[in-house]
Structure formats: structure tokens, C-alpha cells
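These are the structures, in C-alpha cells.
Each of the next two complexes has chain A plus one more chain, namely chain B in the first and chain C in the second.
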Partner chain A sequence: MEVFIEKENNVTTARFVGRLDTPASQEVSKSVEPILEDPSGTIVLDCKDMEYISSSGLRIFLTIRKAAASKGGKVIVKDINNDIRQVFMMTGFLNLFEIQ
Partner chain B sequence: MDKTVERKKLFRVFLVLVAAVILEATSFIQFRSLFDTARRAAQKNAEHILVTSRYAILDVVEQAEQAIRDNMWIARWCLQYPDSLVSVSARIVENNRAVSGSTVALVPGYSRKFPLWAPYAYLSGNKIEYTTLATATYNYPNQPWFTKALEKGEGYWSEPYLDEGGGNIMMTTYSMPLKDRAGKDAAVITADISLDWLSEHVGKIDSYDNAFSILVSRNGLLMVAPSDSLSMKMYLGDLAANMKDKVHFHELEEGMMSGKTGEVSIKGKHDTFHVYYSPISRTDWSMAVVFPDKEIFEDVRQMGLMAALLQVVGLLMLFFILRAMAKSWVDYQKARDNEEHMESELQIGRDIQMSMIPKNFSFPERTDLDISATIVPAKQVGGDLYDFYIRDEKLFFCIGDVAGKGVPASLVMAVTRSLFRNISALEDSPKVIVEGINWGMFDMAESEMFVTFFCGVLNLEDGLLTYCNAGHNPPLLFTDKIEMLPVLPNIPLGIDLGMEFEGQTIQFHNDDAIYLYTDGITEAENADHDQYGLARMQAVLHERRSAQEHLDAVMASVRSFVGEAPQSDDITMLFIHYLNKKQRTDVMEKHLILHNDIQQIPQLAGFVEAIAEQKNIPQAMTMSLNLALEEAVTNVILYAYPEGTDGLVDLEAILRDDSIEFILSDGGKAFDPTATPDADITLGVEERQIGGLGIFLVRQIMDRVLYKRENGRNILSMTKNI
Partner chain C sequence: MNRLLDAHCEQILQEYRDHLPEFQKQALAIQHTLRTTLDKAGIIVASIESRVKTEDSLAGKLELKGAKYKSLADITDIVGLRVITYYSEDVDKVASAVDRLFDIDWENSVDKRKLLEIDTFGYLSLHYICTKKGFEYRFEIQMRTILQHAWANMNHDTGYKSGVEIPTYYRRSLSRMAGLLELVDEEFSRIRVELADYRRKVQALVASGNLDDAPLDLETYRSFLDMEPFDRLNRNIAGINQAEIQPVSLLPYLEVFQFLECKTLGDVDRLIKECSDGAFQLASYQMALTDLDIISSSVGPQNLCIAYILKRGGGSVGIKRMFDILNGPSDSHEMLAEFLLEQAKDLPFMNEKSHGTH
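Moving on to the complex of A and B:
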């Protein structure tokens, strides 16, 4: 799993590539720390190339979402595939995020 | 008058002389026949010892081979992660009492990361220790267990060797080449068994004081010998120096080394030896039972001497008891004739019985059938029978037991068997076949004989088994479990000639099997008159084996239970394993073992992928199964074992027609994930808990999740319907 973070104006984009499983989540939670430091703007979680997510990955998403909510920021989850959409549905995450 | 007296006297002297000659001749014949009896008894004993020892050895051999077979799949799986191979070896040692050490040694260069890799797990006391065989001094790729297994492409039993590290115990190693999925030789997997039990099992011969056994390896090494100074040090050929009769010794050597069965008498320095030998299949070992000539014939010789002395006394008295002696001799001769007559009658009966039974079990052109049968007649000829053959893609088979013994029973058996052949040549329905045999049977009411009989017809194309049982004990049916085949209570054959029988049917699937037997097995008695019984038999049949191995295992178990007690009834078994690959696979198992390290999680993806491929599972479900397993396994890895300690997580998948069951087990602290409350997914961002989603997902994805704690292990069963 690789994460590419770009910041342009007020929009921070994190692009996830690969499988966000439990071992991967341990590293990803470190890579997304910069986002958590300043979660006030718009955060886009680009999932076009994310193949898989486990509950530990969902926890990272939820942590970001909570941080943003406390600072009035906005989190958009982009281009999730159908399998991951299924997981979002099962866990009620569809209601917590703006999905594009 | 004088003349008459003289003539009478002369006549009496003449009679005494004639009688003396006859007496001598008789005692000579008697003596000869005693010699023959002693020789035959020794031969019988030798055969018995050879057979029981062979079963004892094969039992251990089988355990080691089975241990390897059981773990091939896992080992193949672990090839991708060579550092996990040690867990396979550990598992082989841990789960198999006969196995004291094991390695999975990679073919040099197979793995780029580990060019030489042979982690070795072995038993030290009660603990499993680890070391590596990939050392410069040992150089495992040059060891025979490694090279021979690869060269032969199949299982290989090594020459026995001294295990210098382990307290000078004799060992032998079973090694098996392991191919990866692409069919390339990847590794050699081994199981070491110690041989210190051999002398215990093989060496002893109770019935003779000076008789002994020897066991030689394929290279002629004496594995078991009468003296410790010989065993495991000398070779069979080294003994030639002690033999006067080199020609016959070489005959023995050649016979044993080429895996033959035979007997030979050899003159040694002090005594003559009678040697009976026979190979131990699979291991290429050969065993011999040796009786010193003295041992066999000592008693007979002493008796002969006594008889000669008595004859001298007897001759002095003969004149007075001439007539009485003559009479008793005639009586004796009569009795002897009668006995011999009986003996040969029994032999004829036995010959009839054995000649009518199919002895060739393999249908080489058939891949859909593994069939084996055996009959062990009791000393008194009984009336067991079995038969089977294939006609029009149908397997016709039967088993029967004639109530009654001796020649009449074996004749009834012969009649039954030929009726079965004749009627089934034209008729496909077991019900009709059984009725036909019953009708064709002569009236046995007066002789109080009857036949319990089971007849089956297995359609090899679609697996439909039709059968009819006439009072025989119900066969065992092997599906995913072992149970009795349901049978209707029809009466045996030969009681009511006009009787109508009822037939039954059952659907066989690929990998199902049926085991038929006669009550000679379940009612086999040991010296205390305890019966062998159904439970013992079923316990033996529980393991997965070939048809022949099943029968060997039951026979070995019966023999060890019965011990020295004589066999009172015929023992007959028939095992039919149906292997129609064209049918859908119903049940299959897959295994994965992980360490409690989160970095092992990615292995789950491949595991699920392989199952999905097998069962044609759509991509979406594959991913969600992967997810559920990851959550369940992560939970165990993170919480079951105390931090920093090593523990194993065992994942087993049982693939059924309409469902997959995953069984996750670990030896960590007790935790019931089904008892945690569901996460509330309706809460908003602020209230939403960070944790608790993993187990919630498992329950969402799986159709049934059950937890139990058993023998100090957490066992979580997760079933998904497909």
C-alpha cells in the first residue's frame, strides 16, 4: 500500500494505492499524520486505486473524519469500487462520509 | 506230537521276528512323521511371526508416511514463505507420536532469498527444539534422504543410521519430494522415526528358547540381530564367515536382498539353522526367523530314543502279547487313516473356498474405483465368501457368511457364489439376484444351515448404489462421516425358499466408500474371551487410507487384539472406494497456519483466492470472505497471546457443496468474539466508536458464527453459504 498526499490551496488529497489491510494500516496511519495536524480544509480520500480495506483501514478513515469534524473540515471519499462500497454499507460508513 | 510242538514254537519265533520288523518299520514311520510335524509347526510359527511383525512394523511406517501425506498441502502452501516452513515440521513432530524429527528442505536455489534452507524440528525430551540442516559440515543437498527422494520422485525410506546428536539412537528417515504448484521440484519433506522399538517388536520369539529373528535393511545392515554386538553394526554378508554351508547362506542373502519370500536350511559351525524369510514392503527391509535345528527336533529325538528303549523291553514281552499288539496296531492304523482323511477333507474345503474368490483387485483401466478384499480362513474351514466384478459400467459385489463349518459349509458357499455369478450375469437388480440365489438354493432346513448375504450393484456412471441385504451385518458407509448403511431386516438365504426380499438404494458421491465385513472380525476373541467389537474396528477405519491399507490396518488391529488366541471363524472384508471425479466434489479441506504476527495477514488473500477458484466464487464474495477472515485472524493475533510470545493460529476451510466453513483455532487465552455487542452503525461521527468494527464485520459477512472453548483452545467456526 502506498499513500500519496498532495496539498493544493485548501484541498488536501490523499491517494491510496493497493490493499489497505491490517499490516498496511500500521504504516498508513503514520503517513496520514500530516493531514490530522491541519484538518480544517477539504480532505479528499482518493480510492480509485484502492483494492481492499479492512476494519483497521476504516479506523483511519474514521479518525480523519472525526478530526475534520472537530475543526469544521470536510471529508470526501472519491471513487470507491463496488466491493469497498459494500463494506461501507455494512458498517454504516456511507452515512458518515460524502461519497463521490 | 513233538514235531507239532516244535513247529508251533518255530512259528511263534517267526511271528515275533515278523512283528519286530513291522514294529520297527512302524516306529520309523512314526518317527518320520513326528519330524515332519515338528518341521511344519516351526514353519507355521515362522509364518505367523513374520506376518505379525510385518504388521507391527508397517503400522509405524504407515504413521510416518501418513504424517507426511497429511502435511504436503500445507508445506506446498508455505513454499512461498520459506521462513514459515519450520511450523510445518513442528506440526509433523507435534502431532505424530512415531515421528521424532522433521524438516522441509528446499532444493538448492529454489528460493532466491534462501538458496539453502532446511529448518529442522525435533523432539528433545518432551519439547520441540529447532536447528538447521543447512550447514557446511552436514551439507544436506548431498544426503541420501534428499537426493534419493528427488531421484525416485516418490517416498523413500533411508538406510538406518545412528543419530549421534540424540543419544545414539538408531533412526530411519522417510522423505518425500515436494513439487510446487507449477510441478517443479521445490523441496524434500521428511519424517524421522526412531528404531529402538524394533528389537522390542521383532526380536522376541516366545514359543522357542533359542530361536531368533533378524531384520536387514536394503543394503544388508542387520537392524535386529540376536546379539547387540551385531545389530546395527554388522552386515548380513559378514555372517558368512560363521557358516560351513556357504552355498545356502548365499541363497539366503540373495533371497533377502531381492525381497523374496522363502526358506532355507544352512549348516553353521555348531548347528544347522532353518531360516524363513519374507520382505517388509515399502521399506525394502527383509525379515527372517531363524530356528536352530536342535530347537525344532530336540524333543522328537529324545522321544525316538525313549521309543527305541521301550521297544527292546516290549520285544521281550512280545511273545506273550503278540495277538494283543497286533490288534492294537490295526486299531491304531485305522484311527490314523481316519484322521488323515479328515485332514485332507478340510484341505479340499479350504481349496474350494480360496479358488472361487477374486484375487486380482485392481482394475488398471479404471480410475474411479479403489477396491480391495481379503479373506482369512479359520483353521476349521468356514463358509465366508465375497465376490465382485464389473459388467456394463456396473460393479456387482457381494459378501456372505454361511452358518456352519466344515466341508458342507464350504460347499454351500461355493453354490451361493456360483448362483451369484450366474444370476447377476443377466440381472441388474440386487433384490432379484438375492431372490434368485435363495430360490436356487437346495433346502438346507434339515442341515440347519443358512447364509447371511449382502448384494450390491454400484452404477459407476452416476454413483447410484442399489443393494439388498439378507440378514448380513450392515456394511459401513463412508461419507463425510462413518455410519452404518441402513438395511432392511430381511431374513438370511436358505430358510424360506419362496421368500420375497426388499431392495434399497442410496446415492454415492465422489469419494464415498463402503466397507463390508463378516462377524469373524467383530466377534474375534482374545484369550480372555473379550470380543473385538464394532467400536475398535470403526476407530481403525477412521483414518483416511487406500482400500488395501484400510484392510491391512483392521487386520493388524484384530491380530494385536486377539494375540495368541486361535482364530475361530473366517474373517472377510471388502472395501470399495468410489472416486468419480466427474461428479462434483462435495467436501474438501484446506489448511493454513500462521504465526501471531500481523505481517502474516497478507497470506490470507492467497488462501481465500485458492478456495474461490476451486468453488467458482464471485469476486465480491471473495473479497468479503478475505475481509471477514482478516478481522477474525487479526483479533487472535493481537489479543490471544501475551505480547512478545510466539503462538500459532490455525485456519482450516471445509468446502462443501453449498457452503464453506472456516474454523479458526488458537491456544491463546479464552475469548468469545460472538459475545461482544454489535457496533451501533446508526451513530453520527462524534459518537461513533473507533473500535469494535472487526468482529462486527465477521458477523455481517458470515452466515453463521459459532464459538467454543475446547481443550484449552479457542475454536471459532464461521460458515458462509454459497
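Moving on to the complex of A and C:
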């Protein structure tokens, strides 16, 4: 799994490529640390190239959401595939995020 | 601005300059003490402001009536604070807190709310002149409502400090507005008292189990959530994969229950009883073959509503509408609705007879 982070003005975009499963989650946690340091703006989690998400991945998203909420920021989850959308729905995560 | 001050006034002004850092420090310290005390007492205020009188303002005051003051200590508003409340009764609560925190110089404190004649309207504010240990100067704390504050600011801008005598017509307009705002302040307080009373009644209804007497609205639903009506179902669902439950606000489901034509808390309670098995069956079917071990506390109500919609024949259109209410309209909800319909079709709850919730 690879994570590409870009910041433009007040919008930070994290693009996830590959499977966000349990083995990958430790590395991904480190990759998203810069986002957690300044979560006050808009954070876009671009999932266009994400193939799969596990519970560990959901926890990472949740951590980002909590950090953003505490600083008045917002999180947008973008372009999730149908399988991941179903995971969000089954776990009750669907209405935790703005999903585009 | 150059002021013509005599030697006595210059001496007072110099004393001010010498103590300015202390005034600034004390203003912030008093503001902090007030903030902490009011927060602790649960008194929500619109703002707490502090300021130290500027040198120019003090010089102006001395130029005007310098002979009145023997020393700087005679001027009581070098350090000034203002507490702006939302409700008029909170002004008295803040005053009570101030009374406990500081020593009040009652002789110089003014309750301007009591000074006005019964047939006049104008500036309503409570001014306390205070002292505190470790600070040799007196300071002023003004307390008023946000509407009184608005009026005072408008009056200040258009009134006595403009240097021009304003015509009677405008003075009368300002006075009329003060009367109107006083009425609004009272109305806000009355509404707050009545809402608190309604809340208590609803809580009593919920506690006594008379849920059919409690109409479904934001207040009643909040009280209902305090009873944790979805906890058992959520725990059962979490048990499928020994998942942790992430608590989230369940208030958005109020609109869904209203969409499902629940008119009272009793209706919601019956919906929970009728559909809990179905909700659990759905969750089991979805989760059992996954290793998902985290859920949010909205899973319970979400699956309850899905089971209810499907049992009532609402189909994928009803489920899509539910997701649209919760997350905003999206075409992707149609896919989820179809997916859920497919999953649920062979589950036992779909073949159970509905007993009619309402």
C-alpha cells in the first residue's frame, strides 16, 4: 500500500493506492502522521485506487476524523469502490464521513 | 491628543504609566478567574472581555474632572471587565459568582437596572466595583445581556459621545428600542424556563415508561437516547466478531424514525422490539464471514430501520431514502439498497408476519 500526500492551500489530500489491510496499516499510520499534525483544514482521503479496507484501515480513518473534528477541520472520503462502501455501511461508518 | 493637565493630574498619569504592566497582567488574571469559575458553575456566557483604560482615555477623564480624584486609586475603572450573558437571569448568577470571588465596594457599585423609572427605557447593566487580594487598585466588572450590550453599543455610537446633541426623535427611537429589547430578553428567559420544564416532563415520561405520551421530537428523543435503547442490540452485533463499538451521535436517526412515521417514543420503542431480531440477522449475515472488528454505535439503529423498511415492503426505495436522509442524497445509495435487499431476502425476519408497530 502506498500513500501520497499533497497539500494545496487549506486542502490536504491523501491518496491511497492498494490494499489497506492489517499488515499495511502500521506503515500507513506513519504515512498519515503529517495530516494529524495539522488537521484544521479540509482533508480529502482519495480512495480511487484503494482496493480493500480492513478494520485497521477504518481505525486510521477514524483517527484522522477525530483529529480533524478536534481542530474544526473536515474529512471527505472520495471515490470509494462499491466493496469498500459496503464495508462502511456494514460497520456504521457511512454517516461518520462526508463521502463523495 | 494633547491634553492640558495640571501637575496633580500629571502625577496620577505617571502613576498609571508606572503600573501599566501590572494592570494588564491583572486584567488577564481576573478574566481567567472569571472564565474558570463560570465554566465550573456551568454558566454559559456569550463573552468575557477585559481591558485596561488607555492613557489617552485616562487623560481625557482627568482633564474633565481631575480635581475629583486624589490619586489613581480613586479611579475605579482603570481595569475593566465585561461579562455578556445570553439570558437576563444569568446576569444575577454572574453577579453572585463575582460577589464570591472578589470584595465588592457596594457604595460605588451600581445596578442600573434599578435606576430607571418605570416609564423609561434605556441602559440596563450591573456594575460592580471590586477589589482582590494582591492588587491594590479597584476594578470594575460590568454584567449585562447580549441584547443590552447591543443596545448600549448602538446608543454609544449614536449618542452621548458623538459630541453632537441628538434630536429628541432619535433619543425616543433609541429608548423605544431599549424597551423592545427588554421585552425580547424577558421572552428568551420565559422560553428557556418553559423548555426546561418541558424537558423535565419528558424525562419523567421516559423514566416512567409512558412512552406513548411522549411525542417524538428532538427533546424527547434526546431523553430517550439517555436510556441507551440501542445498546443491547449494538452489543449483540459487536459480539459477532468481538468488535469494539465506536460511540457516535444517534440524533440523525430522529429524522429517519419520523420518516418511518413514528409519532411517539412508544412507536420507536415498539419498532426496536419488533425489529431487533431482524437487525441482528442482517448484521450476522454481513459480518460473520468478515474479520471486521470495529463498528459504530449507529449500526444498531441503521439495521433496525432497514429491517423495519423491508418488513413493511418499503424495498430498496425505502432503504435508499433512509441513507439519503442520513448522508445526503447520493446515487450510490441505490447500490447499497439493492445490495441489502439481496442480502435480506432469505433471512428469517423477512418471512415473519408484521404485527403493526403504530
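Criterion: the second predicted complex is superposed on the first by the 100 of 100 C-alpha atoms of A that agree within 3 Å, B and C clash if a C-alpha of one lies under 4 Å from a C-alpha of the other, contacts with A are read in each partner's own complex, and residues count from 1 in each chain.
Following the convention adopted for this analysis, contacts are C-beta pairs under 8 Å (C-beta built on N, C-alpha and C of every residue); 3 or more make two chains touch, one makes a residue touch a chain.
Since the structure is predicted, the reported quantities are computational estimates derived from the model, not experimental observations.
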item	value
Partner chain in contact with A:T13 - chain B first, chain C second, else both or neither	neither
Which superposed partner A:L96 touches (first chain B, second chain C, both, neither)	both
Touching partner for A:P23 - first (chain B), second (chain C), both, neither	first
Which superposed partner A:Q86 touches (first chain B, second chain C, both, neither)	both
Which superposed partner A:T63 touches (first chain B, second chain C, both, neither)	first
Which superposed partner A:S55 touches (first chain B, second chain C, both, neither)	both
Contacts of A:S31 with chain B and chain C, given as first, second, both or neither	neither
Chain C-contacting residues of chain A that also contact chain B	54-55, 58-59, 62, 82, 86-87, 90-92, 95-96
Residue numbers on chain A that touch chain B, as the complex places them	19, 21-23, 26, 52-56, 58-59, 62-63, 65-66, 69, 82-83, 86-87, 90-92, 95-96
Contact footprint of chain C on chain A as seen in their complex	54-55, 58-59, 62, 82, 85-87, 89-96, 99
Touching residues on chain C, where the partner in the complex is chain A	243, 246, 248, 252, 283, 286-287, 290-299, 302, 323, 326-327, 330, 332, 335-336, 339-340
For the chain B and chain A complex, residues of the former touching the latter	598-599, 601-602, 605, 619-620, 623-624, 626-627, 630-631, 634, 679, 681-686, 688, 690-691, 693-694, 696-697, 700-701
